[in-house]
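Okay, structure first, notes after.
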Amino acid sequence: MEGVKIVTIGGGSSYTPELIEGFIKRYQSLPVREIWLVDIEEGREKLETVGNLAKRMVKKSGLPIAIHLTLDRREALAGADFVTTQIRVGQLKARGLDEQIPLKHGLLGQETNGAGGMFKAFRTIPVILEITKDMKELCPEAWLINFSNPAGMVTEACLRYGQIKKVIGLCNVPIHMEMDIAKLLEVPKEDVWVRFGGLNHLVYALQIFLKGKDVTGQVLELSTDPEKGMAMTMKNIMPVSYEREFIRALGVLPCPYHSYYYRKDEQLKEELVQLKEGAVRALKVQEIEKELFALYQNEDLDIKPPQLEQRGGAYYSDAACSLIESIYTDKRDIQTVDTRNNGTIAGIPDDSAIECSCIITGEGPVPLNIGHLPVAVNGLVQEIKSFERMTVEAAVTGDRDKALLALSINPLTTSDKVAKAVIEELMEAHKDYLPQFNR
Amino acid sequence: MEGVKIVTIGGGSSYTPELIEGFIKRYQSLPVREIWLVDIEEGREKLETVGNLAKRMVKKSGLPIAIHLTLDRREALAGADFVTTQIRVGQLKARGLDEQIPLKHGLLGQETNGAGGMFKAFRTIPVILEITKDMKELCPEAWLINFSNPAGMVTEACLRYGQIKKVIGLCNVPIHMEMDIAKLLEVPKEDVWVRFGGLNHLVYALQIFLKGKDVTGQVLELSTDPEKGMAMTMKNIMPVSYEREFIRALGVLPCPYHSYYYRKDEQLKEELVQLKEGAVRALKVQEIEKELFALYQNEDLDIKPPQLEQRGGAYYSDAACSLIESIYTDKRDIQTVDTRNNGTIAGIPDDSAIECSCIITGEGPVPLNIGHLPVAVNGLVQEIKSFERMTVEAAVTGDRDKALLALSINPLTTSDKVAKAVIEELMEAHKDYLPQFNR
Amino acid sequence: MEGVKIVTIGGGSSYTPELIEGFIKRYQSLPVREIWLVDIEEGREKLETVGNLAKRMVKKSGLPIAIHLTLDRREALAGADFVTTQIRVGQLKARGLDEQIPLKHGLLGQETNGAGGMFKAFRTIPVILEITKDMKELCPEAWLINFSNPAGMVTEACLRYGQIKKVIGLCNVPIHMEMDIAKLLEVPKEDVWVRFGGLNHLVYALQIFLKGKDVTGQVLELSTDPEKGMAMTMKNIMPVSYEREFIRALGVLPCPYHSYYYRKDEQLKEELVQLKEGAVRALKVQEIEKELFALYQNEDLDIKPPQLEQRGGAYYSDAACSLIESIYTDKRDIQTVDTRNNGTIAGIPDDSAIECSCIITGEGPVPLNIGHLPVAVNGLVQEIKSFERMTVEAAVTGDRDKALLALSINPLTTSDKVAKAVIEELMEAHKDYLPQFNR
Amino acid sequence: MEGVKIVTIGGGSSYTPELIEGFIKRYQSLPVREIWLVDIEEGREKLETVGNLAKRMVKKSGLPIAIHLTLDRREALAGADFVTTQIRVGQLKARGLDEQIPLKHGLLGQETNGAGGMFKAFRTIPVILEITKDMKELCPEAWLINFSNPAGMVTEACLRYGQIKKVIGLCNVPIHMEMDIAKLLEVPKEDVWVRFGGLNHLVYALQIFLKGKDVTGQVLELSTDPEKGMAMTMKNIMPVSYEREFIRALGVLPCPYHSYYYRKDEQLKEELVQLKEGAVRALKVQEIEKELFALYQNEDLDIKPPQLEQRGGAYYSDAACSLIESIYTDKRDIQTVDTRNNGTIAGIPDDSAIECSCIITGEGPVPLNIGHLPVAVNGLVQEIKSFERMTVEAAVTGDRDKALLALSINPLTTSDKVAKAVIEELMEAHKDYLPQFNR
């Protein structure tokens, strides 16, 4: 059959309109024949709302793209070319618990870092591994593009334990950083190119080019400007301005999530304030989502509403479309994705996921070589990779000792005793979504 | 000339009697001809006290060992076979500042870890490098046995920047651990053998043998016994009893200093209490030292007084004598020392210092291979090695940015901002001993 | 000053017209202001002949490019942006000796492999290192693009011992292979893309894409076709058709030079025939060169004559122009060059030169990561890299023992005794060009 | 039950008396309760002859060691503590073919190197893997001590594909080298100690100690003495005297088998002479064996006859007894064995077998770390390791393409075409012993 079949699992997500827009605008190079939006029973209503908007968008475009809405994942997967996953197991309610429970014990509460990230991994990994099993059976040649968080650990789980090997993780942090660097330099985005390397949500801009010249030093200085530098962050992270001498000696630009490690105290304090005010991120997002779905229900709306760009996850879906296009056309352009390390970063196991600049070929990503990370960067990256590997192993085996070990070695954890208390409470809170730990 | 010439720099230390005892009891295999105790002007009085005790001890032994006391290091070094260094630049007063100033900013205050360890390295490394310079000129074939703390970083500094390559670092932690394990198992010390690996003050018992059988699992369980396990620590560290599941999943036995990382909260709290009570470790040690020197002044004393074994550094000097004996006799027995990694532990640079079980040959230590550390251990070890490498580079270059970077990436540090404040205060407090940062 | 300054050392080479053509056709993106053709006294005549042709070519193009001819290298280098080196120390006469002397002792005689390649390295490396010294002084920001053979070892010498770090080696083998693969597949060259990796003149096609799909297996089968496969070689190498099962199990496509190792016997036999017939490659090339220079002297000629493409080195110069253009424009396209390994291929030292697919940025090449080579490939690559490292060290130090060691470990050498005899004869034959061994 | 149970598979070997002598003389530290000599139907007669000699030797000793002779391997294995394997699948007749067939095609014919070694591996590995399967069932805690050749590849096969992990390979080359070095230095054997590293039959003396001092340089010089150096070889290898400058630059001492690589031409020539004279090694060994068994049949003989020491394999069995004693007593002395690399030699896969100095603990060998081999050594070692890995994979899978690949990449092979011819002939000649290739 002509054209490309896309399956989007978690299709009822508020981000779907961006995805649809992305496919519409790339139609000439990436002729999508059908898009299957898949969700679960609990998401039926959102799926219909967003699915209908998707249909209106396609209709407006005049393109021969068929939109299918379904709760039957296996029906959708059969014969797929690309599968994207944007699921949130336990929905925003679970995220709220990930944020609040660790904070109660004095640990950072966050969706992808620390105890919260660990439990999100515990909930998400088994579901994604099931999807790879279905894919092996129903569409063994298809690519899985995952942007469910924590994207790095989910990708690593697929690479090490999944049934298919064509798996790529995706994150919008590098895109945001590139945009923010362009703003800092007061130049058009097109003039800036960044060579990235590290882990998901722990990625560094290793080298920054302005029209082909290395301006890394200049950007590092600007990034510590108490005003300008502050702008460089994600929607969900309190901006910080690092000490200039620290960043200068570091020699590479950290991503916004690094502030949980390099500015532990302030980030924790800020979150504790939010907790007290009943304003953890999950609650804010719930409101934003509500507003977005209200918009989506408007039957006159047939474009991606501009408000969506204000949501933290902006550019994710566009990045996914770009990636799919480059694979489909063997474009061999450079994109930053989560993929198998295979020696790219020295000292990280070959089968671990890293996040780095890659060329995207018709057979998937090939990383640009990195070699040894700067010494001062390597320590933190290795520490988090240890945590990630342990977390993935615990997620797959359901071994509670490993879960405790993983959290105890996380640099945000204050002791194995606190780790134990936090894990016990989170295990109980999320028990419906953690069958592997409750056999 | 027949016999061995030993030079001990920092010879006025309270530990010297243990060293003298060690040489006396090994005389048959290690015929020491002369021992030079070297100190600086500020230590003249202690040098004389301890030196006179040494002379009485030798006299009692009836052995032809000449004891020399001098403030002239170069005179002593000429023609030496072995040089031991047990110096404390800035004396216990400086240690007190290392302990108190970080605590005032909410960071652990400790002699070899965190900010305190960093500044001890800053004060000590330039002096030891000077010694290697003198040795190259005056006794190029001699071995330098260092037990000045932080022994790992001092050894690494010598390996990377020193003028001689025959350098070994020494620590009493592995010996203490082996003894404590024997106690836990309720067996004689001789029946226990431990394969060690990691970094100085961050070493792990990787495999524990009881009469040739692997009993690691059993010891790990015992170590978490709330009563028995508690006994496993150094004089200067509050004992902790880890969560059993944590240790079981870790799979190797941490050393007492690990509790600063795996039990950050309690150790910090305990130290803050000590600070409040005016009882940081340096002050306690000052008292112990005072008592010891009072004993040493007794002209009837001609043995190592048993009270010395209560001091935290017990067995250090005996370990040094053992090491010297094994080199001298090409004994090829197994001892745990700080030496060049050279691929022993995967992922650590070849030229970095590690602490591990080695055979001791006539040409120095050869490490028993380790390979990949357990995943959960590797993260912390890499993180601390990053800190150590940066600290050594800052110590050698006097680059204040690197000093800030080193402290900011230390897992005990809460933020780059706090790191900056702590560094500024310590730089000022120790400025007389930090010429490299004040050029 | 506007525009780019190019310096070509060995400007009197017969390849220069291809270079000039390359710059003319890229003028819109790569505005070359001046080209300096540099040669030595012995090459004055050829320099003038080819230089005048270059001037006629530029004149015909109507572009404002100034051509300078000079014997003064330092004058030329001042302020250069790009320096290309295409020198042949000792000229074709030396090549003849490299080919004949080893053959007399039963060893392969070849310009870039075995004893001949070793001596070409000995003659060339000191000269290129001198050039890097001049460049550091006169144009420290310029790139050195070397295509003097043996390009891999020359590049490695620059990376390890050169005064500048902006050095890239270039070879036309990958381009030829890509063309030959397209012919094998009977498709346009543009539809084929190959991911290369290995060493210079020992590079493998690791993965072959046809319109984005992996066709490596298919090409491997075709390559062993006794007729079609035979076409896949360079001008200077006798074509072979490997055993199908061998290539299938190898799993990657060797380059033409591999036949010296995988078909030692036939290649050696063929060369011995040539030796007997007085027809070693150097002699053939001398004739071709003579013909070419006869053509170049024709004052009506103002284009690159088509006969030049028949010469073994075709596409070299075009590759150089492409590379310069991509650096100048930060094009980030993929080209195959010789560059610093830096962990790209596992098990090869970071500072060694490898040949592999790279993206070409404004700051030079960044390799596409390779990781572990296939096991069966790794052995030969490591063996040759050992030879190359030893050869480079001997070339730089003038240590004759190292020269003997290098040749003795080469897999084409039958014994250390033969190696010694060959070296002695070549050292004598080339002594005018080997000052480092004759101090 | 008290005491140790030993099982020797291939118990009918002529070496068995050395083994028995070894156990008798170590009885105080290694109380052997029973020794089971196992053989196959074809070896029944030799088993009885040698078994009866063993019984007489034990009787003479007066020790309570029971000798059992059996053709039932499984009966013997039940409850064993140590299993030694000294099998020769296809007996000396097969060895003869391994030596003659490659030579007919111009390749070296040798028991453990090149095509012959490959086919010995093909015949032996499946049998040893079967033994590990039986051991897993019948004596899962026992150690397998293999000295069947090619010992390196057999050990690697067990480590990667065996059912038990307690496997050690053993070779007498290091012991011979140490003895020969002592002779060269004209000192007692006890005064010499050598640090070894490399692969089986490709091991190097990396560092040579005389009474604790490094005398490597001195031994290297002596080893090239045309008279003295010549003595340094095995019974089965023609002695060579290397070029002094070659050995000096190599910096480590090669083992006798290295002459197949560093002196390819002379060794091949010598073997071709032997072939012509009908005197390949297998035939000589057949005669020696005949004589030995004639001796063994003498019912008055109750000691190991001195003639056995003239056989090439002398000291093998004594080494095995030493190894068993050190494991049994957790002696932690240093012995050279074949074991898992696990990072000991840089650049060799963790799961490959290497040969190196190890301490022998109650839980088996722990290698002394080596790190990077000298550059010039690394190439050959990597090349042979590639060959070994491919050979093992072919042996286990029965993949004929891999067999061809393995032989084609061996540095002793002149081309893939010759490799194919040799393999075809050897596959046919040995087909009764190669079921895996004939399914």
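The letters A, B, C and D name the chains in turn, as written, and every chain counts its residues from 1.
Operating definition for what follows: contacts are C-beta pairs under 8 Å (C-beta built on N, C-alpha and C of every residue); 3 or more make two chains touch, one makes a residue touch a chain.
Everything numeric here is computed off the predicted structure, so don't read it as measured data.
Asker: Starting at chain A, how many touch steps does it take at minimum to reach chain D?
Answerer: The least step count works out to 2.
Asker: Could you please state the distance in Å, as a whole number, between where the Cα atoms of chain C are centred and where those of chain D are centred?
Answerer: From the centre of chain C to the centre of chain D is 44 Å.
Asker: How many angstrom lie between the centres of chain B and chain C, each centre taken as the mean Cα position?
Answerer: Whole-Å distance between the two chain centres: 54.
Asker: Counting only residues that touch at least 2 other chains, which ones in chain B make the list?
Answerer: Counting only residues that touch two or more other chains, chain B contributes 346.
Asker: Between the chains shown, work out who touches whom and classify the graph as line, ring, star, complete or other.
Answerer: Graph shape, chains as nodes and touching pairs as edges: a ring.
Asker: Pairs of chains that touch, anyone?
Answerer: Touch list across chains, by label: A-B, A-C, B-D, C-D.
Asker: Considering only the defined contacts, which chain A positions touch chain B in the complex?
Answerer: 106, 242-243, 245-246, 248-250, 262-266, 346-347, 375-380, 382-387, 389-390, 399-402, 404-406, 408-409, 411, 414-420
Asker: Show which residues of chain A lie in contact with chain C when the two form their complex.
Answerer: Per the touch definition, chain A meets chain C at residues 193, 195, 207, 209, 211-214, 327-330, 332, 334, 342-344, 346, 350, 359, 361-363, 366-372.
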